[in-house]
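Two complexes follow with subunit A in common, the first pairing it with subunit B and the second with subunit C.
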Partner chain A sequence: MSEEKVSKLKDYLTSYLFIIPAVLLFSVFSIYPIFKILQLSLLKWDGISLYPKFVGLKNFIEVIKDKIWWKSFLNAGIITLLALTVQNALALVLAIIVDKDIRAGEIYRVIFYIPPVLSGIVVGLIWNWIYNYDYGFLNHFLEVIGLGGLKRAWLSDPKLALFSVAVVHMWKGFGWGFIIFLAGLQTIPRNLYEAAQIDGATPWKTFLHVVVPMMRPVFFLVSILTILGTMQIYDIIVATTGGGPGYATEVPITRILSSMLGSSRFGYACAEGLIFGVVLLAVSLIQLRISAMMRNE
Partner chain B sequence: MIYIFLISLFFITSCAKKTEEREIVIWHWMTDREDAFSRLAQEFMVERGIKVKFELYAPSEVYSQKVRAAAQTNTLPDIFGILGSPRDFASFIKAGFVEDLTMYMEENNGKWKNSFYPQAIETVSFKDGNMYGVKPGIYGIPIDMMNIQMICNTEILKKAGIEKIPETWEEYVDAGRKLKKKGINVFVSGWGEVWLLEAMATSFAFNIMGPEKVFNTFKGEVPYTDPDWIKVFSLFDTMRKEGLFIKDSITMVNKTAEQMFANGRSAFTFNGSWCINVYKGMNPNLKYSPCLLPKVNRGNPVYIWGGSGSWFVVNSKSKYKKEAIEFLKWLTSSQQQKFLTEETMNLPSNKDAAEKLKGLLKEFALGMKYVTHPNFWPVHETPEVIEKFDKGIQLILIGKKTPFQVAKELDKYKKEQLKE
Partner chain C sequence: MSKILLKARFEKVKVILVSHLICILVTIACIFPLVWMVSSSLKTQETVFKDFSLIPKSPHFKNYLIAIKEANFGIYFLNSVFYTATVVLAIIFLSSMAAYAFSRLRFPLRSVFYIMLISTMMIPIPGIFIALYVLLNKLHLINTRIGYILCQINAGLPLSIFLFKTFMDKIPKELEEAAKVDGCNKFQIYWKIVFPLSRPTLGVIAIFNTLAVWNEYLLAMLVFSDKSLMPLQRGLMVFYGSHLTQYPLLMAGLTITTIPVLIVYFFMHRYIVSGIIAGALKG
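Take a look at the complex of A and B:
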């Protein structure tokens, strides 16, 4: 073997040696669990017994037939849609305002970032108090301003429960979008705004023709994070409605946990988890594809 | 020199191993008992020279997951508790993780066994011909007792002019109407935790149709569309129509319901005997009394859920099995049980310790005559049907479905399950 080849081989080996720890960690904590879940999803297992029974694809077939499972998907989808539109629109507006060198901008940055760093359970408990029918702040406020007729059981009314939970989620989540949008806005060169102003562009036109094109990658990043984060909503649901009333606020994660800990159907829960993962992966891939297509336009 | 030093070190460490300390490790989830358990462990060490280490893992969901994971990796402690349904308990036994304690219980003419309330023993036993195929026997040691009853705020009832605590369903509805007229909330419960709904509904079912018919329903021999079951579901419909509960109860967690009742925001609640300690912490001046569930069928007795509140099992693979059993015998003896009752305000599992109970503890203890519990039942409904049952009642309570619609759907689902 020539000296050059030996040197190249040494280089390769050294490089691989450096990535071994990362590969090992990734394999143990990411790859192995995926295969383990796949294996468990083919079994009928209560999580305790030493002899699980192989049932093939039965768990997957049952999950696909389970109407409540798909309802939970729909519920999470509705919350995601609201988060994508209302939450992100609010985050963007606030980011644009704070980007305009307003007075005490730093303070607003901190204030808007407080809800995301709070625990979902804590946020849920705070909003439980706000929404309480008898002594909650919201109903009390409505009465004070003369709108007592709008008093509702916000979390126990099946028509309102999902939207009430979505509001809590959006309140908790808009800070993330705000910070990312603000970071994106600050990368736009100021001279582009100045050029637009000289050309006589209105603020709306500046937004459409300067901000939107420059922020496209940021919009995609925020929307992917919003979809993935919101579809996996769990803690707020547990702290506010527990998935009720009935199945009104059930989401995929509460269903998976209910199968696992409530019914002790670990195999079924793993099948639910895999289907959920595949759907999320598909959504992310579609979105990346759209993003790539729009970049090429 | 170094050689001599290493040899000496080897001998020293070898000698140290011979005097190894016996230590029993216990896993539990009972945050309110942490201090009391630690003090008892210290006392046991002084008395018997065996170290006991209580390890707390809370909340209960986390504890439950930890125990399951430990079972898979064979790292269960010497003593632990099992949270979950009788099905889960049976799975732990069948997988060989739990020691059969019948032999120890029956020693000396059943001295240890007879020191407990019979209902406490029933909670931790499997009978001959049980549906899980577990060898009949006693597999756990009850630490305390509990029962779940209707609880009324006596001061509020007095204010509303209700002199007599309602004993029948009609009296209860009547009292509810009176309370409503005075602008007082009638009932609050943490129905967001659906097992409370299940406890209430099955207790009513036992009273309306008797236990046998309920069990026959679980077996699939009686449909959920039977008039008696419709009657059970209709009780919740009546509660909705009459406005007899705080609207938020449907999604409320029990802790919030406890807080509302403790603050005098409702005349009635449905809660377990553990509430004595909870209400004491929330409002020491609260005047209340347990009052059983109102009878719907006057010809049948009232039933309430109850039995052993918390119980421990011994790891069948433990190195210190003998010591673990010795500790549990000591822990459940009259003196230690009295101490636990005083410290934690839970009903003792030991009959002698329960003899001199006073006040609210005594009142709750009187309810033990009426208890039933899924752990005593010869058959159980599947978890999937139970979920549909609980959610169905929630749907009745919000007026989204009628009792008959819920019964019909439940019956259809049950039949599908039986086919499988």
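Take a look at the complex of A and C:
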């Protein structure tokens, strides 16, 4: 080999040293697990036995027929719908207010992002205590202000539990949407507002004709990320209801875990994970497609 | 004329007042649960069910001592600090090194490796923990610190590599050229020039991964069965599961978990804002 070739090879090899640790970790803890899930989803396996049984697509067929599985999907979907509307509307209103350069805007900005930095477990356990039927602050507060008739078993009433959990999720999440909306609003040139004002546009018309068109990509982005994040809700659920009462607050991740740890059906759990993953992937692909379209406009 | 002006000013004041009113209400809603958590942590097992005052008459600080010593929260806390520090340091070094290679060096299959590494950022794999559990079992890494740490490092790599590379791509190359002329090799250039220049991104990556590791629960639940290895989030659920009604101690544990997060947040919230925006716009 010529000297030049040797030095080039040496150059490549030393360059690879920079990425080898990352690539190795990634191969073992990301790539291998992806293929492992694909393989396991075709097996009937309890997680221990040395002889898993190949069952083809049987797991998938069973998952598709599993009513509780789709109920968990629906539950997560309902929380997602609430997050998309109530949570994001609140985030947008607050962002518009703080964008107007009101005093103490900086303080509000710091405070609104406190809930998102806390863990789902911490948030769930605090609200669990606040929601407590006999001793919780919420029922006590309702009684003190003379609304004792509204006292509820917030987390153990099957009709209310999902809604109560959704409130906790939105409490934790709105600050995140607020920060992104605010960043988006601040990219809108101020003279557009002035021009609208000179033309005699009302605040509502300014919002519709200046803010909405400029913010369309941001609205879209926040919506998709809200869907992906909320569908995978888990920590808040375990720290409040654990999926109950009955199946009232079961979500896909709690189902996957109970197939895996509760009934030791690893193959079935993987099939659930894959079906869930494909749905989420479809959502992300739609995002990529539409944001590409928006950029081309 | 002045009447119209007066009216306009009145309108403006009204808008500002309503704005503040909304913001203050939301502020109370954000802060109150945390205040209630601290307040409950200072009551006794008897008073917590009767006393609804925000500031207990005789604050019972002893709860913290009991939580730390007897309820294991001292150990959980040290474990969390250890996992967070180790994982974040490893992520910073591994991802900045890889990002430097992807940004500056030329070698075969460079873009293939890059796309592979950041692909999991876009593709959600909600069942991945099943396979991780199986894998750790097979490698005898279940219920070990190292197993948990390696999984967490890997989880933080894609976004960190992406952010570092995006930043490094914008650093002018003149300094490095000069260093090359002076005889510096790649490792020296990375360590002495590019890494120090990446400080702003380093802040974002440090705080985001710190929060992610400190707050992680699902994997900790799958990996650890030994109490002496558990981090706080897992410890909280174990305590809650076995002492269902000991709210003052649970709230003390929650406060111990929350205070470090709030301290880090208040000192570094600037980095958070730029980080969320960068993270959200990656797509």
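FYI, the second predicted complex is superposed on the first by the 251 of 297 C-alpha atoms of A that agree within 3 Å, B and C clash if a C-alpha of one lies under 4 Å from a C-alpha of the other, contacts with A are read in each partner's own complex, and residues count from 1 in each chain.
To be clear about the criterion, contacts are C-beta pairs under 8 Å (C-beta built on N, C-alpha and C of every residue); 3 or more make two chains touch, one makes a residue touch a chain.
The shown structure was predicted, so the numbers you read here are calculated from the model rather than taken from an experiment.
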item	value
First (subunit B), second (subunit C), both or neither touched by A:198	neither
Of subunit B and subunit C, the chain that contacts the larger number of subunit A residues	C
Touched partner set for A:272, first subunit B, second subunit C, both or neither	second
Contacts of A:183 with subunit B and subunit C, given as first, second, both or neither	second
Partner chain in contact with A:135 - subunit B first, subunit C second, else both or neither	both
Partner chain(s) touched by A:47 [first = subunit B, second = subunit C, both, neither]	both
Touching partner for A:145 - first (subunit B), second (subunit C), both, neither	neither
Contacts of A:100 with subunit B and subunit C, given as first, second, both or neither	second
First, second, both or neither for A:264, with subunit B first and subunit C second	first
Which superposed partner A:14 touches (first subunit B, second subunit C, both, neither)	second
Common interface positions of subunit A, toward subunit B and toward subunit C	47, 134-135
List of subunit A residues in touch with subunit C within their complex	11-12, 14-16, 18-19, 21-23, 25-26, 28-34, 36-37, 40, 47, 90, 93-94, 97-98, 100, 102-104, 108-115, 117-123, 125-127, 129-130, 134-135, 137, 140, 171, 175-176, 179-180, 183, 221-222, 225, 228, 232, 234-235, 238-239, 252-253, 256, 260, 266, 269-270, 272-274, 276-277, 280-281, 284, 287-288, 291
Parts of subunit A lying in touch with subunit B, wherever the complex brings them together	46-50, 128, 131-135, 153, 155-158, 161, 240-242, 244-247, 258, 261-265
Contact set on subunit B toward subunit A in their complex	61, 64-65, 68, 71, 84-85, 87-88, 91-92, 94-97, 185, 192-194, 246-251, 253, 256, 260, 265, 382-384, 387, 391, 394-395, 397-398, 400
Interfacial residue positions of subunit C with respect to subunit A in the complex	16, 19-20, 22-23, 26-27, 29-31, 33-34, 36-37, 40, 48-49, 52, 94-95, 97-98, 100-102, 105-108, 113, 116-117, 120, 122-128, 130-135, 137, 150-151, 153-155, 157, 161, 185-187, 190, 211, 214-218, 233, 236-237, 240, 247, 250-251, 254, 257-258, 261-262, 265-266, 269, 272-273, 276-277, 280-281, 283
